[in-house]
């Protein structure tokens, strides 16, 4: 079989439909298939990334023979490829983690989970890979719908409520994006992103602004921007633990991808960038401040996640090469670190119904491994050397200093102090309080442990030697900012 | 192999190894850490001063080398590190999680060496943060009162570190380089206001570690809460990293014309010194007392540096070295008391002098050095400090320093009296002298205190080397260190240390001989229960020692200053912030309709604003 | 002028209704005696304090009625409202001198009880207090008891300076001078 | 050899002088107090008798090494500070030169504390609570009076740009004036501080016989007390000479020295004899009010 | 050895001279004698001109004044104080109570003969002695010291067993530390 970016979409989608069938054959098979698929996707990620990096080209895959700008195409550039690889590898780690998660849940339920999981992977990778704006919308819907369902996975009242809120706000998002695509189509007459970007300068500036704002708000909802992120804390809190990691690592990343793709490639308007910075700052400040006052672990992590996304938005908003580099680095770090925090945090409050911070008191004695990884993740996310978070924060600050955004630096650092306060509070609770809660603890399975350990190793390795990843990110940055070569390589395929 | 890399590999690798050793071969652990530190000392002292290394990581150019200033502080770190780890082997005997302890101990030593050898700001910050969390992990080692003590330490460290980071990125933003050499050249091209901002931010960063008012509130808890063997290093060497940073800021980053910064720092340090001394006076726990005393002493050091004159800087650095020596000894002595008697609460323990005579001797010498009484080393430092301040017309600063160091006599006496003097209690009858690994470091260090009082040359020479790198002309006469015994100030007045020593020793010995000779045969020891107390016969279990509310009259005299601690302001500020945060929290009220309204309102706002302001 | 005893009468009434087996006597203005057996003392004191407002304890003293083979304990309490001194008197057996501990009502009774315990040898079961109060290492009969012979003790214990042989017991002479009878029990301790 | 012998004999002579003068001043003080109280009072050589008697008394007990060394510390401080003080002016009698070239005012201020701290340690080891109480009072009070004293010294140093005593004396000789006229505020502050330095009434709460049984020296008798009395006498002389040197132009010969020091000595004696006792915190706040104010004035005077 | 005035060496003479002229007294203020002391020391009678001054603690004192009756309870303290004083030390008994018990001659709780328990150098007669007699007592003590005859402390040391026996007769539970100087 020829390795092709299409596999990113086709295989998980296929797997999603095959799981119930195989599930009939063998209970375990339904659980193993997603893993195989994700492992394969990780493998092709490595191959494809190696290919495009070494040959310095972009792979543009045409679906069903329709050439761009008419047909749907997939673009595997350093940037999109980086994100897609990240999604599939993270997906694999999360699959490892979920393999034995909640063994008491019955089989049909598990199959549903994996179906939705596969759908979500399809959607998220689809969003980053596709070169067609309407196709992007479709994948966004796939992602969103599977995300709604995963939120309400436990069929509880709170979960259903959270899912409903998500649905409510998510439908706003869909509507606005659809509206924007419609308007855009009326203006440029094409849905191919490369061509839209090419034709954009000719568009009426007023329409351009309206469309951009519609896109901005639409994607902003998915990217958890303030004040559009009301849905997210509840979702993070109510969804099953690993789903939180998926949200933080993929769904939100996909949303932010849509946003920056629109802003940087399609429209390329620099005027919106200060808005991004301001919104990002507010998002960050508000979210971290609220996280400080949270009494529930997952809710705290959720707000922290929002805050980190604010940081990413700020980084993109500064708009220089260095800052975009920092932003992508931040996205990567956030995916692995917050992923690990969610994964380990889930076990800290495994059987608790309220999932309050009181439940983690003194847990360090009973779950040493998980607690240690949670502590390590906390140190990493607040940006302590020698962990991964330090470098991304440093690069962002350097980028901000380059353009003299001293206030931004100051606010980021103040917020970091707040972050330190609430993360260390939790660490203190874990290690230095006496355990009071009587809730039965769950020892992580071997899969779950190794999944967390993989992420931890990546965190430390990147922290000690950032050059492991910075080369890739550098290429991704160049690719994202180089609009012309994107247009050229996509359309050149079309013209053949 | 490059000896810098070797040094780091030795310490950090040794740290991990000691953790593993504790897991698998705990017998070898103690010997291993001591040998390791000996090896580190060997590598450090045999190192060629020109050794340097440059490399690039994550697109950032880094450079490591020991400057002569860094070398001075390196001496403190390596020697005090060796001694305190030797001390630890006995002090930590029988405690659990020793692997964790030694690993973090060595991590902090390694990170301090790293800070000193950094010739660029990124590795400086990198090691700084490692130092922060490794010391933090030891601060919370005991697990007591962590929520308050540990959080305070980490939050203040974070504030300091992030201000430093901000300054670093601002510097980078203007100069485009992290290398100190580049920065020193181009720093003066930056706009003055930014220079000021950089200086202030860096000063906050370093001020936290050197416990400057009002950033000192973490220090008393962190110093008194860690195991004493680490506190010796913590107060002696780790806080000196802040001083090292100050010296960088004051002599390399802020131009000397900017006298305002120097004045501000000096006054802040003076207020620190006075208030911390007052707090130290009213403490009843020996550890807390020493913690506050450390804060005050760091104040003197910073005043010396900030005075900017030759003598003042020399005084500051001299006191920095000496503070490591005598405060290290004192923390070790208090640790010995804690280990042997089980408590350092001065209202409980008393009369240990006959049980622990050597510990007492070491602490007596250190206290005399600390109080700055001739003929010990502390006096040399204090003398230079006063003369420097007077000759550079800082008259009121002199008064502040004097107030602080006079009040320091109060706590100096308190700690000696509280632990060692007073009545002997049957409760502490079992107490024995500290074991040798604890005694030897203390006695060695107090030996340095004594020697430096008459022959300060052996400390002043490395200091002068360091000062040359700050741009001062060498002024010490070019003679061997044991000949250097006359100190001059810039008005030509002097003190002849050897005469002082000779006079004091001679009179002391003669008087002691005479007083001992008379009635030597008849005189005998009576217990401290045999005192004249209106004829009452004191039983063994009666404790007549005066310990509670020791300095109550003094407290009453200075109560307006103590009425409200700076801690309280922070607490109020924190509570206010939290209330504000709770208001912010109400944004997310959990109601989906509200969220929908937010979305629509935001959209509408953007549409309105977009047409108006964004110009499309 | 006849003194009116209104408040004393009132107290009389109150006590008489509350306790049956007590003898109450209005001695003079603002002075009322209550004679009670020893188990009634505590209730009376409590009642007087809680109900009648006699919240000030003045004194506790002891009298050695060696003729009746009894000790008399006198509790004197006082009310700031009525200004009456209430004397609660009780007699206890001299051979087995025990009395209920009352220092939970007024803390200061503690001191008086210590003194009485030491000087008269009356025990207060359940009473916590330092064993020694004024005397140290006393081994003889409690010195305030009337059967304790001071002079004999003095002669046994202390030295006499030479040249004081003329010392005489003047008690008898004084008694004769004032025309009193020397009681029988006292003759037992007389040196003549 | 010759010079060392000279120096030693000079030092001995200085010590004897200081001891004698200090002792007589003490006796005179007792006499003055007695006369003011309408008594005859002891003979003025009474202090000699006391000291000799104390030395001749048996001292058969001690509470430990620190108690033994406490008085030694005290006498060391007194004699060493004496050695570093110029007793006579300029080319005065060569015997009294001692070591006054090798220390300055700052050194002296610290040297003077040495004794009280050593003494305090000695008192501490006796285990007598009264000693500890007295020590805390003394040290607290010291924080009070040292500040105005140092302020006036700093003012002089600032005004004349020298930190050595001989320097200050030379300036007085050159300008033919006394520094108490050149910087009167410094003199006032210093004299007010001196009231506390002598620990005479009203600042005698340290010893306060009726309260804390003579405070630090409660457990000291016989030779220890004798040594401390001698040390106190020498120390009184040291303080007075220092003041004379710094403020009153020094003395050309011994007679002038005695007259000047005695005149100065009368101030604390006469102030004390008519004053009741201050509590510790009252004493501290006393020193931190007017003396401090005069100290600040003195520095201002010096710097303009 | 102190008996013959002429046998004193010059050093002893000086010693005795200073001792007699510098008496640090520790007033054990029991009984009514304590009230006579202020009068003795202040302006009217001025004992300080004889070199008598107060000492705060027994360690500093040469002279112990027992100013009145002694109960057994206070006797214990007096012995303690006396033993804490350093040689040479003197005791003056004040008033009849110390001499023969005085008005407390038949008290079960008061000792009658002080010199059975500690050596007394000088008794001052009276109940209470007026300041004039007190001064006279001081003078007498000074004479004894000058002649080297105020040797109570030596007597006490030499006859310690006898004194102890007497003391133990009164103080049943012997609480005092050993006296061996």
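A, B, C, D and E label the chains in the order they appear, each numbered from 1.
The criterion applied here is as follows: a contact is a pair of C-beta atoms (placed from the backbone, for glycine too) under 8 Å apart; a residue touches a chain by one contact, two chains touch by 3 or more.
The model shown is predicted, which means the values in this text are computed figures rather than measured ones.
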{"item": "Other chains in touch with both subunit A and subunit C", "value": "none"}
{"item": "If a chain touches subunit C and subunit D alike, it appears here", "value": "E"}
{"item": "Taking each chain's C-alpha mean as its centre, the one farthest from subunit B", "value": "C"}
{"item": "Chain pair with more C-beta contacts, D-E versus B-D", "value": "B-D"}
{"item": "Chain whose mean Cα position lies farthest from subunit E", "value": "A"}
{"item": "Whole-Å gap separating subunit A and subunit E, where each centre is the average of the chain's CA atoms", "value": "97"}
{"item": "Subunit C-subunit E separation of Cα centroids, rounded to whole Å", "value": "40"}
{"item": "Centre-to-centre distance between subunit D and subunit A (centres being mean Cα positions), rounded to whole Å", "value": "79"}
{"item": "Computed distance of Cα centres, subunit B from subunit A, in Å", "value": "45"}
{"item": "Sites on subunit E at which at least two other chains make contact", "value": "57-59, 76, 181"}
{"item": "Overlap residues in subunit B, where contacts from two or more other chains coincide", "value": "522, 524, 530, 532"}
{"item": "Which pairs of chains touch, using the document's own definition", "value": "A-B, B-D, B-E, C-E, D-E"}
{"item": "Contact set on subunit B toward subunit D in their complex", "value": "351, 353-354, 357, 364, 368, 371-374, 379, 382-383, 386-387, 390-391, 393, 395-396, 398-399, 402-403, 406-407, 409-410, 412-413, 416-417, 421-424, 486, 489, 491-496, 499-500, 503-504, 507-508, 511-512, 515-516, 518-519, 522-533, 544-546, 550-551, 553-554, 556-558"}
{"item": "Subunit A contact footprint on subunit B (complex, rising order)", "value": "57-59, 122, 125-126, 129-130, 132-133, 140, 143, 146-147, 150-151, 154-155, 158-159, 162-163, 165-166, 169-170, 172-174, 197, 578, 581-582, 584-585, 587-588, 590, 592, 594-596, 598-603, 606-607, 610-611, 614-616"}
{"item": "Residues of subunit E defined as touching subunit C within the complex", "value": "72-73, 76, 99-101, 105-113, 116, 166, 169-173"}
{"item": "Sites on subunit E touched by subunit D in the complex", "value": "14-15, 17-19, 21-22, 24, 42-43, 46, 48-49, 51, 53-62, 86-88, 181"}
{"item": "In the complex, subunit C residues that touch subunit E", "value": "134-137, 139, 143, 148, 150-151, 153-154, 157-161, 164, 167"}
